[in-house]
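Pasting the structures here.
Each of the next two complexes has subunit A plus one other chain: subunit B in the first, subunit C in the second.
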Partner chain A sequence: MRSSISIFWRRKDSYYKVLLTRCKRCGRASFFARDVCPYCGSSDVSIVKSSGRGRVVSYTVSYFRTDSNEEYLPLVIALVRLDEGVYVTGELRDVEPAEVREGMEVEAVLRRYSSDDPYGLIYYGLKFIPVIKRC
Partner chain B sequence: MRDVYIASSSMINISRHFNRGYKELAGAVVKDVVEGASVEQLDYMVVSSMLAESSLNQLDLATILTQHLGLKPMPAIRVDTGESSGLAAVEIAYSLITAGRADTVLVVGVEKATEFPTRVTNRFLSKVLDYEVEVLRNITPPNYAALIMKEYMKKYRVSREELTVWPVKMHDNALRNPYAQLKFKITPSKVLNAIKISEPITLYDMFPIGDGAAALILASSRVARKSGKEVLLVRDVVSATSRPLYLRDDITRFESLATLISMLRRKYGFRIDDAVCEIHDSYSIYAYIILEELGIARRGASYKEVENLVYVNVSGGLKARGHPFGATGVYQVSEVYNVMVKGVGGVKFDGAFGLTHSMSGPDYNSRLCLLERVV
Partner chain C sequence: MKLGMDAGIVGWGVYIPRKRIKVKEIAELWGFDTGLVSSLRIEEKSVADIDEDSVTMGWYAAKVAIDRGEVNPNEIGAIFFGTESKPYAVKPSATIVGDALGISRRKLSSDLEFACRAGGEGLRISVSLISSKAVKYSLAIGSDTAQANPGDVLELTASSGAAAFLIGPEREAIAVFEGAVTYVTDTPDFWRRDCSRYPSHGEIFTGEPAYFDHIVNSVNILLTDLGLKESDFKYAIFHQPNGKFPLQVGKLLGFPKEKVLPGLVTPMIGNTYNASALIGFARVLEQARAGDRILLVTFGSGAGSDAFSIVVKEGVEQVASRGPTVNELLERKVYVSYSSYAKSRRLIERSIGW
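Entry: the complex of A and B
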């Protein structure tokens, strides 16, 4: 077993939704749910849910093999600017690496992160995919 | 505050030491460093290792090592600050002596990174990032180096080809270093055409996986004077942490390093062009940024100045000397000591200062050690 079930379960809200920490003192919002603002240290924060939509600022196609990612390689890891103006790094799926573009609109959807083979837990969480244009 | 000197240093060659465990690697450098120091007793041992729990299945490495090596019972502690653990061990040893808690401290950096297949070690080493926020979401350290490299190339209009100069230079330097892991020349085209790790990072932009051990004995002036070792003073060791990559306003800057170097400049008035340096070039893009933060090169133009750098990473750096994680910071101090006192492969530095820089991840923490010649 490579991952801890309790670590994952405790943070599940942060893996199933794009949560931001909004600081009432300095006014800045940041990725991931925290009890304190990572910019100013204030505990006067609220956790807000992001729309999960944004644009690719930059990306890399990764071939760096670990024993928990090898079945998914290559991975596209992107720096995304959410519509709320907050930056987040995360995986981009459902697109050929050669077709990823800076400025591409993306949205967060539920996907599989990894699994504890052969009988362990499967870890699900949000990844980004290109926004599907609805006509 | 009491002065701290380097009484002795020792290293072994960095390699895939399949036939030797961490006890043998540490044992070899401890024996050597104790013999070289001519001190009567050791007051404290500080051990650094990044992967002990993961790779060695061992907790409390410091105690187990004192037992195995037959050292007289003494206080022993293991430190971990990720990839900069080795320099953190030097920092703790320095603090113990300046605070008057010890007169002689044995520092041992040891890493066995090859006990598991590379893909397993890759998972272990990725845990220098935030496990809950980054690692579980499949982000690994070279991904960040790649994002930073792309941003740097865009911001300063630098081509991928122009950024091959660092690894080529490091492989040249490593040819002179008897302890280096990668002792062969490479060319720009070899860098560009090597297997991709995380685009645009290729195999030759990244450190190799290897085992190593290095040791130092630090001593107070009382002890150093007695043994005639008042040669190289550890002037200061400073460290700082910074924000994760996705919370940075400018990912082409290393803020904690910038804070540390300006602190040392203010406090000691030293000039970087009067120093021999070992820097933490885990990925070649990090080397360019570090050169700029230290004031060795102009922003966005460090690649143009690499050719002329004689006294930066004489060892070959993490790129070619190697990066046995928890031991790397101890190697760096030993290398600067050697190049200032004895000379390495025909290179001897006669200036006043030595500087080593070690960090974890992309400057998630940084540490600087300033050495000064006193005779």
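Entry: the complex of A and C
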């Protein structure tokens, strides 16, 4: 399955970093980076980078096969509450599905998402892993 | 040559993938003599997962180096990515890592290739850039998912890992570079041709004329240039193609086992190529005290060796505590079977679209 090089390039920053929208009017933070606060509608916002650390709130294990994802299966998809209080979903790696626990501390790391094999572009982005060290 | 002591290590980071395979399992599968396995002194090797590569591992090591240094990534003016397993033959790994870490767009940035010593050369170039005040900080990364033809003796050792060092001005550093020597020649010990998946090696050239000759020369020149002797060093780290060579070359140069063992990580994770000596060096920094003098010696086939003399300063323990230590990464592990390893390292591949 071929991905769009231009869409990936435009969104590169949000694949490479956990970017949050912080509202200067109501003070709340939200995922993802955008121009308007989803809570109060204010456009007085700033984009901030999350530490990428948080805890698993819930998760699901997916065996759904597409044309080119077989090598990654099964996928653990986690709902994570970031330290900034914002909820995001992401793939959880470096843990067996049976070992995932709610409350587990996780951190965002750069991994391969997919690639246009054999000679196309490699798409990198963030996934979660159990924290290696709480610093 | 003697350096001005004006450049040093501001931060460092290591990454070791969590999967491990027992070398004994590989040896049994391919019918190696178990005597050969024990002579290599490698118990197990680290295996990068299917969604990991030199870029992702180098990213993690560099992120930890920046966190440890508490440096604004926008002030980093150079990235050197030393690898012999870059994901693209053409398209720099350094720019992917740079953008993903928010490093300044105004930067020097290159992938360096010199078998296992490109990461060391990145370190040497970084020190020069800081000494000449060309940039404020420079990042030197060594990262590899070393490939080996299944059944080749290299498969018993070739593994995956990364290390990164953030080099900056002496006043911010926890260790300074006192001297450095690079010694290179044209030697046919190991190569990989264009478009070839796996490397080849000129068997008889591997030890004596390559590893031992280049390391002995770079170290001896360094000691002469600096007017130092073995007893002036608390630790010595040599490139680690297996668990045996570093101890042997140490002995040749007069460094006892006790000075080499703290930085010897290959027995636990295999040969991480460009990260090999650098991970050992990081492990030593994490137990060093102010005033300790460290000898760091890289080696890369083809062939060359860099020898560095580094003096540790106050504050090293505090900086070490800001990130995962090598020992913590060594303990984070899960054993996998040969079949799982074969899938992770793409020794078996699905044909897509059939």
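Operating definition for what follows: the second predicted complex is superposed on the first by the 130 of 135 C-alpha atoms of A that agree within 3 Å, B and C clash if a C-alpha of one lies under 4 Å from a C-alpha of the other, contacts with A are read in each partner's own complex, and residues count from 1 in each chain.
Just so it is clear, a contact is a pair of C-beta atoms (placed from the backbone, for glycine too) under 8 Å apart; a residue touches a chain by one contact, two chains touch by 3 or more.
Fair warning: this is a prediction, and the values are worked out from it, not measured in the lab.
Superposition of the two structures on subunit A shows subunit C fitting alongside subunit B with no clash.
Of the two partner chains, subunit C is the only one touched by A:Ile132; subunit B is not. Using the contact criterion defined above for the overlaid structures, shared-chain residue A:Tyr124 touches subunit C, although it does not reach subunit B. Judged by the touch definition given at the top, the superposed model places A:Thr60 against subunit B, while subunit C stays out of reach. Within the superposed three-chain model, A:Ser68 lies in touch with subunit B and with subunit C [touch as defined at top].
With both complexes placed on chain A, subunit A has more residues touched by B than by the other of subunit B and subunit C.
Taking the C-alpha centre of subunit A as the apex, the lines running to the C-alpha centres of subunit B and subunit C meet at 150 degrees, rounded to a multiple of 10.
Judged by the touch definition given at the top, the superposed model places A:Tyr39 against subunit B, while subunit C stays out of reach. Contacts of A:Gly90 after superposition: subunit B is touched, whereas subunit C is not reached. Contact with subunit C, but none with subunit B, is seen for A:Lys17 once the two complexes are overlaid on the shared chain.
For the pair subunit B and subunit C, the model built by superposing on chain A gives 10 Å as the shortest CA-CA distance. 67-68, 70, 72, 113 are the residues of subunit A that lie in the contact sets of both subunit B and subunit C, per the superposition on chain A. Only residues 12, 16-17, 49, 67-68, 70-72, 93-94, 109-113, 117, 122, 124, 127, 132-133, 135 of subunit A touch subunit C when the two sit together in their complex. Within the complex formed with subunit A, the subunit B residues making contact are 117-120, 122-123, 126, 131-134, 136-140, 142-144, 146-147, 150-151, 195-201, 243-247, 251.
Subunit C makes touch with subunit A in their complex at residues 18, 49-53, 55-56, 59-60, 67, 87-88, 96, 99-100, 102, 321-325, 328-329, 332, 343, 350, 352-353. Taken together, the subunit A residues at the contact with subunit B in this complex read 2-3, 7-8, 11, 14-15, 30-32, 38-39, 58-70, 72, 75, 77, 79, 87-91, 113-114, 123, 125.
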